[in-house]
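One chain, chain A, links the two complexes that follow: it is found with chain B in the first and with chain C in the second.
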Partner chain A sequence: MDKVMSNKKIIALYVLPALLLIMAIVYIPIVLTAYYGLNQWNGIGRMKFIGLDNYAALLTDGTFWKSAWHSLLLAVFSCASLIIYLAVAMVLATRIKGANLFRKIYLIPMLLSSVAIAQLWLRIYHPTNGIVNSVLESIGVANPPAWLSEPKLVLFALFIPILWQYAGFYILIYYAALKNIPASLEEAAKIDGASALQIAWKIKLPLAMEVIKVTVVLAVVGSLKYFDLIYVMTDGGPNGSSEVMASYMYHTAFRAYDFGYGSATGFFLLVICLIVTWVIRKITAAKETIQYS
Partner chain B sequence: MRSEALSPSVFKSKAGLKIGYGVLYAVLTIVAALQLLPLVWLFLFSLKNNQEVFNLPPLSLPTHFRWENYEKVWSAGNISVYFLNSVWITVAASALTIILGSLTTFAMTRMKWKGSSLALGLFMVAMMIPVHSTLIPLFSIFNKVGLTDNPLSLILSYVAFNMPITIMIMLGFYYALPREVEEAAVMDGCSVNRLFFQIVLPMTSSVIATTGIINMIYNWNEFIFVNTFISSDSHKTLTVGVQNFIGQYTTDWGSIGATLMISILPILVMFLFLSNRIVEGIAAGSVKG
Partner chain C sequence: MFSKKWNVLLLTMCLALFAAGCGKSDSGTGGSASKEGTSASEKVTIKFMHLWPEGVSAGQNKIVNQIINDYQKEHENVTIKQEVLDNEQYKNKLKVLSASNELPDVGVTWAAGFLKPYVEGNLFAPIDDLLGGELKDKFVAGTTEAYAVDDKTYALPLEFNIAPIYYNKAIFKKYNLEVPQTYEQFKGILKTLSDNGVAPIALGNKDRWTGSLWYMYLADRIAGQKTLADAIGGSGSFKDAGLVQAAKEVQSLVDSNAFVKGFNGLSNEEGKAEFLNEKAAMYLMGTWELPNYTTNEEIPKEFRDNVGFFKFPTVEGGKGDINSWVGGPGVGLFVSQNSEVKEEAKAFVQYFVTKWGEQSVTGAGVIPATKVDTSALDLPPLYIDLFNEMNKASSITLFADVQMPANAAETHLNMIQALFGKAVSPEKFSEEHDKAIAKGN
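Take a look at the complex of A and B:
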């Protein structure tokens, strides 16, 4: 048995294709990103080694920090929306009939492409014919704003479709976690006279805490690298007021053809994502693995 | 007794219980409506002309359903080309991911070798790496080897980036698979290849279905790689194609709606028939945000 199952040739044949592929497509590019960041390069011509200049410039680049601030705001929004998702999941997990159907319906937007969602929400926010302003006008709002062209509103307007898109995903995760809580705990609390709110706050919330921590990491890291929807809906505009880190990197490299600086930005994005993941995991060190039912 | 014990607890009287349930259902129904209304609205304006979009209330039915919007966009522009590209690239990349993922997971869970846990670690860490940080080098690598504007650049990228999540979902399944069958087969002189392809692979059909669906959804919806690597219309997939097409027809709402509906329809159909598997897959793969 052991001899057959430790055949080196077969192991290599089975593992190497996948392993070489992620080496070539994931790991080597990461190293190259860091290296390109040390160069001045337009993507086509010769690279010129300039040491840490790009990275130093990034640290004092106001536009980059503005986009980082927008990414951070998205992360804060996303964490706040987790509270709404958790509340809905709590209602869903009261052993109500049809819960399974509801959670499936909630999930639909999450399955669609961000491009389709972005295009749809562009119409929803359309200044004159969009559904938002049509409704506002019909209830007597005289001059509803052009949501995506207002520098002060655009980031909030963009957050609504994000909230909408991911609702089903987080509700699904929370629902699974809450369903795992043994009914006997709830019954015992009920016998002791605890109210539904007390049960939710003092029993369900602490027991779902491990899963909540995981979703916080997902929400924060997901927000930091958010790209597709913003790229399609506003392309970072108007005038940079919805630029985020990933879109800034993309514009630097593929619009301004500054591949060196773009790479430095891309590497910075990676480092920030890894640090944030590590920090949140450390603060909220998970004690047990999560079982989804 | 049991049904009462399982009901929301605060409501002592029967009337109170009914009201309580009513409130809970109202909350859940409002959320469901919010999730569905934008899509219903999209479907409705895909069947209208501009006059109807602008003058009728948003959620009203058109005087007659203008299915010709769908015919128009399908034949005009390159929507049919984008659609077919999306289909074959999605299927090819998903199939390749499943095969390579299964082989690797089998070797990592069933066979005995030294680097096994290191390999597993490499696959799992790759899950944390944002696609954007690899984009510039990937573009320049593909450019050097002549793979830009070639569907192969997409397939390779999709397979690599979906490999970690695929392996992660498969791992749990392989660990739970009984070893007795394999041991008996090896005793009988079965080769590893036969063992894998004729015995193990059929036994994992359920996890293959789950990971297959997840892969197809991710690949169908992928945008940034197509947008970066592909420049000619004949190789574009729906996400980027739709984006370009709509850019040219920004004023014709019916056409825009029909295009968007065509691009999301395969996912909606899949959802209609396979929602349980999709829910299962999304939950199992939830690490990927």
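Take a look at the complex of A and C:
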């Protein structure tokens, strides 16, 4: 087998199918999207080349920047919630009773489809019959807000199910990372008299750092291009107060029949994601990798 | 030697995989094309895409299947292949298919603004020849025109709708309320209901066109049908005093708690649920809702018997009259311009429209766009009353979001939600409308 793998032609052959597929499904559409963004096109008729007009318009489009701000807020909240997930994972990774059960409980939301989650939370938030408002009324709140139609509240009301949805995913990643830390290190620290907090701070956290960096990128990029729950639950409304970049792209392309502008938005979204990823990698670039063994 | 063997083996495997992958996508389009024949007796497959899934529109779904079965029995060489999608997915799929030029042979479309880009993209076939033939004078006046662009008709309508205000008779009786004739009386009803803790009006304005109906009626009653039609068409302006007044009136309804709580976050289905659960007393909606209040067995009979309707009341000093409606033809059938079986598809459309007219009245309880003689049929009184109202209508204004081109329609709908949510002033509301309509896309 070594002989086979050292043959350059064979390597090319192995890589080729996946490469072709990824080209056809990912990279060519990206190039096409960038190109469509240069056109005035309703998605049906003939395209008209208008150069960078769409991109220029996008830069001064207040609605777009408002939705970009919403996406950014989501990214910030996602990153903040990572701390909680990490803490939960640390607790689960110690040998406490029922850790296995809790791990499964946290993971279940991830197994539900987004639409099911959306339907569930729509009912939870229902202004008159929803559980949230029923509870609030029963404890004496006279006029609880209609969560999903209050422009000031809707975005934060949406963040809760979005963060809840991914909790299990990140907890699972952290759990695996923490389980990977050799038990001998922890034991050695214990013998030296380190407290649980010290072990977590000085040993577990540094050793899980690489994984944490990856999850930060995942959380930020995932938030920036987030779409599904928002689309089902509020459709960006009311009055665009829960519009994010991806839903704005969808609305311009499929509702307003402005495929050129929608494509430009999509391409811009990609550029923003790339820049943000690059910046995060730059900031978190390890000066030195910590090795304890 | 070993590596060469591997080489060949892998290469053949890759090729086989690719061939299989390509073959699959080809059979979809190529399959039906190759089946068409030169003579009529050869096998023909017509692809038909529609939006009546069994779960959501049981009545319509049954009729569609019935018609298709009958048609296939009468024309043994024809196979009709259905593809059923839900409303919103349907619109998206149609769009994607049209971009890749793979529209189904026959499909469902909406009128005016929706249809226009498809016609300009040369994707729908003109079907005036059908209108001149067997179907001549079969349609209710003013229905086919909504599907015409530059004097050519591109789709045949199936339904015809107007939007009355449905109300719960039991709730009205409980609080001694009478059906209102004037807007003042209507506002009195709203006050009585909300003073007694009943939500007066069910509305799900997340979908936005639902709120548009309220604005359109107020605009029609205050400014008059012509002013509204001109403003939408672009020859008039939304800055007309009457139209601005209508927008103000919408906000004063919101202020007086006329609509259910949180309406801007509720979908139409959720809004409707408030009416069906008898938590809200009134519901403004199209006649496509009729089956739910007449024949739909899934809704309790006591409730169905309690539903009545009234016409949107007149506003004192307003220019509109009570017999003017908001409504218009619903969906229609188109034939794809690039269809390989265009003639067969047209024949099927003609058959479908005729049969639909006969069967949808009793089967689905909707009002078809073709003329029907209701006197010979045993129909629910609510249906007959509305049917007669429709024939008495002094004017019918087509739903604004259907009438406007896509981009302007989107602005209209967004502005409606903002108006209801009090995020724009009536003046700004008018200004944005004029701007969007002037852009003309």
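Quick note on the criterion: the second predicted complex is superposed on the first by the 258 of 293 C-alpha atoms of A that agree within 3 Å, B and C clash if a C-alpha of one lies under 4 Å from a C-alpha of the other, contacts with A are read in each partner's own complex, and residues count from 1 in each chain.
Note that a residue touches a chain if its C-beta (ideal position, glycine included) is under 8 Å from a C-beta of that chain, and two chains touch if they have at least 3 such contacts.
Worth saying up front: this structure is predicted, and the values here are computed from it rather than measured.
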Worksheet entry | Contacts of A:Ile10 with chain B and chain C, given as first, second, both or neither | both
Inquiry  = Looking at A:Ala80, would you say it contacts chain B, chain C, both, or neither? Reply first, second, both or neither.
reply    = neither
Practice item. Return first, second, both or neither, reflecting whether A:Phe254 touches chain B, chain C, both chains, or no partner chain. Key: both
Counting residues of chain A touched by each of chain B and chain C, the higher count belongs to B
- Between chain B (first) and chain C (second), which, if any, makes contact with A:Leu59: first, second, both or neither? neither
Q) First (chain B), second (chain C), both or neither: which does A:Gly43 touch? A) both
After superposition on the shared chain, which partner residues are touched by A:Pro127: those of chain B (first), chain C (second), both, or neither? second
Note to self: Under the stated touch criterion, which partner chain does A:Ile275 make contact with: chain B (first), chain C (second), both, or neither?
What the structure shows: neither
In the overlay, answer first, second, both or neither for which of chain B and chain C A:Ala188 touches.
neither
Practice item. Applying the touch criterion given at the start, work out whether A:Ser149 contacts chain B, chain C, both or neither, answering first, second, both or neither. Key: second
Dual-contact residues of chain A (chain B, chain C) 4, 7, 10, 13-14, 17, 43, 254, 259
Contacts from chain B onto chain A in the complex sit at residues 5-10, 21, 24-25, 27-28, 31-32, 34-36, 38-39, 41-42, 45, 53-54, 57-58, 100-101, 103-104, 106-108, 110-113, 119, 122-123, 126, 128-141, 156-157, 159-161, 163-164, 167, 183, 186-187, 191-193, 196, 217, 220-224, 228, 238-240, 242-243, 246, 253, 256-257, 260, 263-264, 267-268, 271, 275, 278-279, 282-284, 286-287, 289
The chain A residues in contact with chain C across the complex are 3-4, 7, 9-10, 13-14, 16-17, 42-46, 122, 125-128, 146-151, 154, 234-235, 237-240, 251, 254-259
Interface with chain A, chain C side, in the complex: residues 2-3, 6-7, 10-11, 14, 17, 91-92, 95, 98-99, 117-118, 120-123, 205-206, 208, 260-266, 270, 274, 279, 406-407, 410, 414, 417-418, 421, 423-424, 441
In their shared complex, chain B is touched by residues of chain A numbered 1-2, 4-8, 10-11, 13-15, 17-19, 21-30, 32-33, 36, 43, 88, 91-92, 94-96, 98, 102-116, 119-121, 123-124, 129, 131, 134-135, 138, 164, 167-169, 172-173, 176, 183, 186-187, 190, 194-197, 199, 214, 218-219, 221-222, 224-225, 227-228, 232, 246, 249-250, 253-254, 259, 262-263, 266-267, 269-270, 273-274, 277, 292
